[in-house]
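In what comes next, chain A is part of two complexes: it sits with chain B in the first one and with chain C in the second one.
Let's look at the complex of A and B:
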């Protein structure tokens, strides 16, 4: 444990992963704004900008909308708002957020600036973490389940089953991953569900190969041989003796798989094949703001940094865990 | 810090781009490549533009959208509006030196109609007498096309149809050299002001001027069209001086607003809209369709997201073709939208899907519309797909909502009515709108020659359609062109195939 703390990789990796996990889990509570709430008047404002807005809804069961205020006055039960186009708007106070003047009118600060629809980039990044993590975990989980089952089957049985499964993984390895993903998602209706299924279904061969290798190696260990001699079934040996002992490399591969899946989701969303607007996926955010690179560089820089941090975090974490668990690496 | 970053990005983009200016070549960008040089398949704007550089038509549009003589010196229309007589110039030569004759015109037109050509543009000529029989392969020639003598040609129609003369200015009715019709996709056979030098697919298209052009040779020696798909690349290249004329993308207007370039703004003949499927629930309900229209704040979107480069609609027809005062029927009125929604029976709102083609410029505004609709309780999910998939879905009437735009084929209000709202077209290709009154008024417009009665009918049709709300009418876009200071004589035109760059000059100093 002490040794682990000396490794800067694990510290950086862990802190990035923790940061993103916290953002993802607590997104609705820590994000200063709703991720899709637009204030068109605040389009392309730089980081740190703050402005005065009114939050209201047209009727009790409808979502809140936000507009920037130029002038404001109160008249009986209504407020009269002059917007930036000098149009006057009458809003009933009961329709303001919280039902009171004090809660409906506020000044908001955009710490990371705004995008082309005047949405708070920080809030979108925070909510984006949720999407990246969900996709990363679920895609990796699918790869894990398929990979472990097929790898274990191949390893424990050997012979023809092994050959068939391994040739299948070879075929899968033969396809360029991203191209294969683009093909799958383009053929379906684009959505996040398609993305994580596709990523999971494309990335399992690595896991299968690893597990097969582990099983083949452990199969000849004495304790496995003795279990066999005692008459345990193949399934029991696999589940009770072999798999628990190959957990370490599986965890490492799983962690690295998350980084790959996050990257894949971002790439597909960037190409318009993943998250659909207005979903605040990091890749989609870069896509929609890339045309404004010179007017509002922060709008693409922020999600770019977030992707880099997430991928780097999981990669560093995976690497460090491997180093810690692998006795041969320690001497080097 | 941010400024430093901007400078860094810019200098990276510009590094290596600066070079000596070539005063013999006019360079302009296209964002995607053309389909080829065959007029029969020129259905998209860019291909159509290139066809107009390489070929002549009987008539053409000038920069101000007037119909002017092309290969035909004069023309006249018979009193019943059915027979057109053209006097052909006898001094036009194709690029290979052959003389342009009346036969070339007949062969070119019959080629479009010939079933073996399988051109999607037969609609331009199928109103000629005998064209339908020819199209089906029953006859060897089109009866309505008659050679009177070496320089006279008549075209007879089944019924009077006033837009016909404008059809003859379209890319598909370009005149092809009858001796060189073999490889038109790659090798053009025209007589236009520019000759093709080279077409490097997805790279560039190079032209040399036709020095003997009958209407005056272009002033610049070469024309180069570069295919640059990324907005950022185009604008960096323009800034480096490698492009001479540049169409500013809507999103970049903020950036170029205060820059020192010659700027020209043009109202395009275009309408952007959201089509609603009018023949099945939920959008067969007119109250719901009106609610969709009242719910969006066009004024704010145009002002802020489009940097003011669009005008509000009064209906489908651009203001240029409407006489009298043009008023907007659908102002921003979310309260009214909510009431209409209730009246339509959607007290608790509704969920629906909007189809859009990937890569559309519309992504710069789509989410603002989505947010406006959500504010009144209409939750619209955006479905993005590839252009071909999207186009097929629209044609088959699959989407409830879809975003599209319509560019004028020719400068006439009729072009914003018949192809979009006549039940024959709409029920088979578009948003399944069918209304006998609208059909009747459009057919009447098509029979009348251009006069005051026709003009007022166009206004009436426009208002009638706006009132029935088959679309969410969005706006008519404007385009801003920037030119380098060494470019002279450039004027933009609202009609796509009027621009032939013959008067543009390129030199140092004013």
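Let's look at the complex of A and C:
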């Protein structure tokens, strides 16, 4: 533990991962705005921009509308709002958000600026953390399940089963990953569900090879041999003696797999084959704002930084945990 | 040596066969009727049936598969539904661009990666070393498209040193090649550093030092040649995927290569082009890996022995 605290890698990695996890879990509570709420008058505003807006609805059952205001005055039960185009608008105070003047009129600061629809980039990034994390975990989990099952089967049985499974991993490795993913996602309707399943289905061979190697190595250990001599079944030996002892490298591979899956989701969404608008996926955010790179670079750079931080965080965490658990495994 | 070569080549055959099976299956998985996507939906049912018959799409699947394998072995990938051009011609038109980009990117990666790794290994633990290693890790984690956009913005738009996107003279290749090569460079910097540190602690280096060789000579003459192995490792892991189309880099910079060809074919549902490009790229990928393995065998006899021994 003390050793862990001294390693800057694990501290940076862990803090990035924690930050993103907190953002993902508590997104609706910590995001200053709703991720898709548009204020068209505030398009392409730079980071730190503050503006006054009024939140109101036309009737009690309708959704709230946000407009930017230039001037405001109160007249009895109504407010008179002058918008950015000098149009006057009369709104009943009871139709303001919260039913009161103080709750309906607010000044919003866009800490990371706004995109081409006047949406708050910070809020979208916070909500995007949820997507990245969910995809990262579930895709890596699928790879884990398939990889452990096939790797263990190959390792414990050897012979023809081993050859078939290993040839299968060779073929899977024969395809460039991103191309394979593009092929699969293109075959379906683009959506996030397709993305995480595709990533899981494409990235399991790494896990399978790792588990196979572990099993092959451990099955010659004395304690495994004695369990065998005592007549335990292959399954029992595998579950009780071999896999628990391979847990460390499996966890490391799983963690690095999350980083890879987050990157894959971002890449696919960037190409328009993953999350569809207006979903606040980081990759999709870059895709939709890259055409405005010249006038609003922050709209692309902020989600890019978020992706880099998430991937770096999980990579660092995986790397440092590996070094901690097994000092002989040098990082490459 | 020859046995190792032959073994490695034979090993590639089942992989290539698997690749052919997968590209064949891909056609059945992708939704939409190939004929409908070729002629459009305005044609009558009879016309579509006649075309299906002409294209042998009504034959039993195994027969279609055998015909497909036969055509692939002859180098016939069919014709594009959209332009009617043979897929082989289209691929041969785009592949040189991809090849050029891949080679330049790899040259950048090797130059940058090896020099940073060497500098880092001169004084391990120093601020310079740490800085470079953090930079390298950031380079591995940064998304390609993000790096590409930053380069477009800073070098292309703000400084206007190089054209931000497009295709043409030598000035157009620099930004995409840097973007594509960055990850390899970062990875290579880390590998070079660890290789150098390992080598520098060995006996023959101590001998070289004790006989009074200046430090730079020890470094360049005795330690440096060992970085060849990480260089080949990185070429092995990355060059294949460069050749198989840097989809992201090519789409950011508007580079007319294999990656964009595949992406556009997918978006337009141009079945023969998808099948042809995917197959071609996978074959390139496998071949590069075979060649790299062979190179390993040439450079390091231990690897050769170990791998022949296992088979």
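To be clear about the criterion, the second predicted complex is superposed on the first by the 318 of 332 C-alpha atoms of A that agree within 3 Å, B and C clash if a C-alpha of one lies under 4 Å from a C-alpha of the other, contacts with A are read in each partner's own complex, and residues count from 1 in each chain.
One rule holds in what follows: a contact is a pair of C-beta atoms (placed from the backbone, for glycine too) under 8 Å apart; a residue touches a chain by one contact, two chains touch by 3 or more.
Keep in mind the model is a prediction, meaning the values are calculated, not measured.
Asks: Considering only the touch criterion stated at the top, classify A:315 as touching first (chain B), second (chain C), both, or neither.
Replies: second
Asks: Is A:277 in contact with chain B, with chain C, with both, or with neither (first, second, both, neither)?
Replies: first
Asks: Looking at the overlay, does A:11 come into contact with chain B only (first), chain C only (second), both, or neither?
Replies: Neither chain B nor chain C is touched by A:11.
Asks: A:58 contacts which: chain B (first), chain C (second), both, neither?
Replies: first
Asks: For A:117, decide between first (touching chain B), second (touching chain C), both and neither.
Replies: Touch partner of A:117: chain B, not chain C.
Asks: Figure out whether A:176 sits in contact with chain B (first) or chain C (second), or with both, or with neither.
Replies: After superposition on chain A, A:176 lies in contact with chain C alone.
Asks: Scan A:304 for contacts with chain B and chain C and give back first, second, both or neither.
Replies: A:304: touches chain C, not chain B.
Asks: Once chain A of both complexes is superposed, is A:149 in touch with chain B (first), chain C (second), both, or neither?
Replies: neither
Asks: If you stack the two complexes on chain A, which partner ends up touching A:34: first (chain B), second (chain C), both, or neither?
Replies: Neither chain B nor chain C is touched by A:34.
Asks: Both chain B and chain C touch chain A; at which residues?
Replies: Overlap of chain B and chain C footprints on chain A: residues 186, 272, 290, 293-294, 297.
Asks: Using the touch definition up top, name the residues of chain C that touch chain A in the complex.
Replies: 11, 14-16, 18-19, 22, 26, 29-31, 137-138, 140-146, 149-150, 152-153, 157, 187, 190-191, 194, 240-241, 244-245, 247-248, 251-252, 262-263, 266-267, 274, 278, 281-282, 285-286
Asks: Inside the complex, what are the residues of chain A that reach chain B?
Replies: 36, 38, 40-41, 43-44, 46, 57-59, 61-63, 65, 83, 85, 87, 116-117, 186, 189-190, 272, 276-278, 288, 290-295, 297-298
Asks: In the complex, go through chain A and note every residue touching chain C.
Replies: Touch list, chain A to chain C: 167-168, 170-171, 174-179, 182-183, 186-188, 259, 263, 266-267, 270-272, 283, 286, 290, 293-294, 297, 300-301, 304-305, 307-308, 311-312, 315-316, 330-332.
Asks: Residues of chain B touching chain A in their complex?
Replies: Residues 2, 5-6, 9-10, 231-232, 235, 249, 251-252, 254-255, 299-301, 303-305, 334-335, 338, 348-349, 358-359, 363-364, 366-368, 370-371, 374-377, 381-386.
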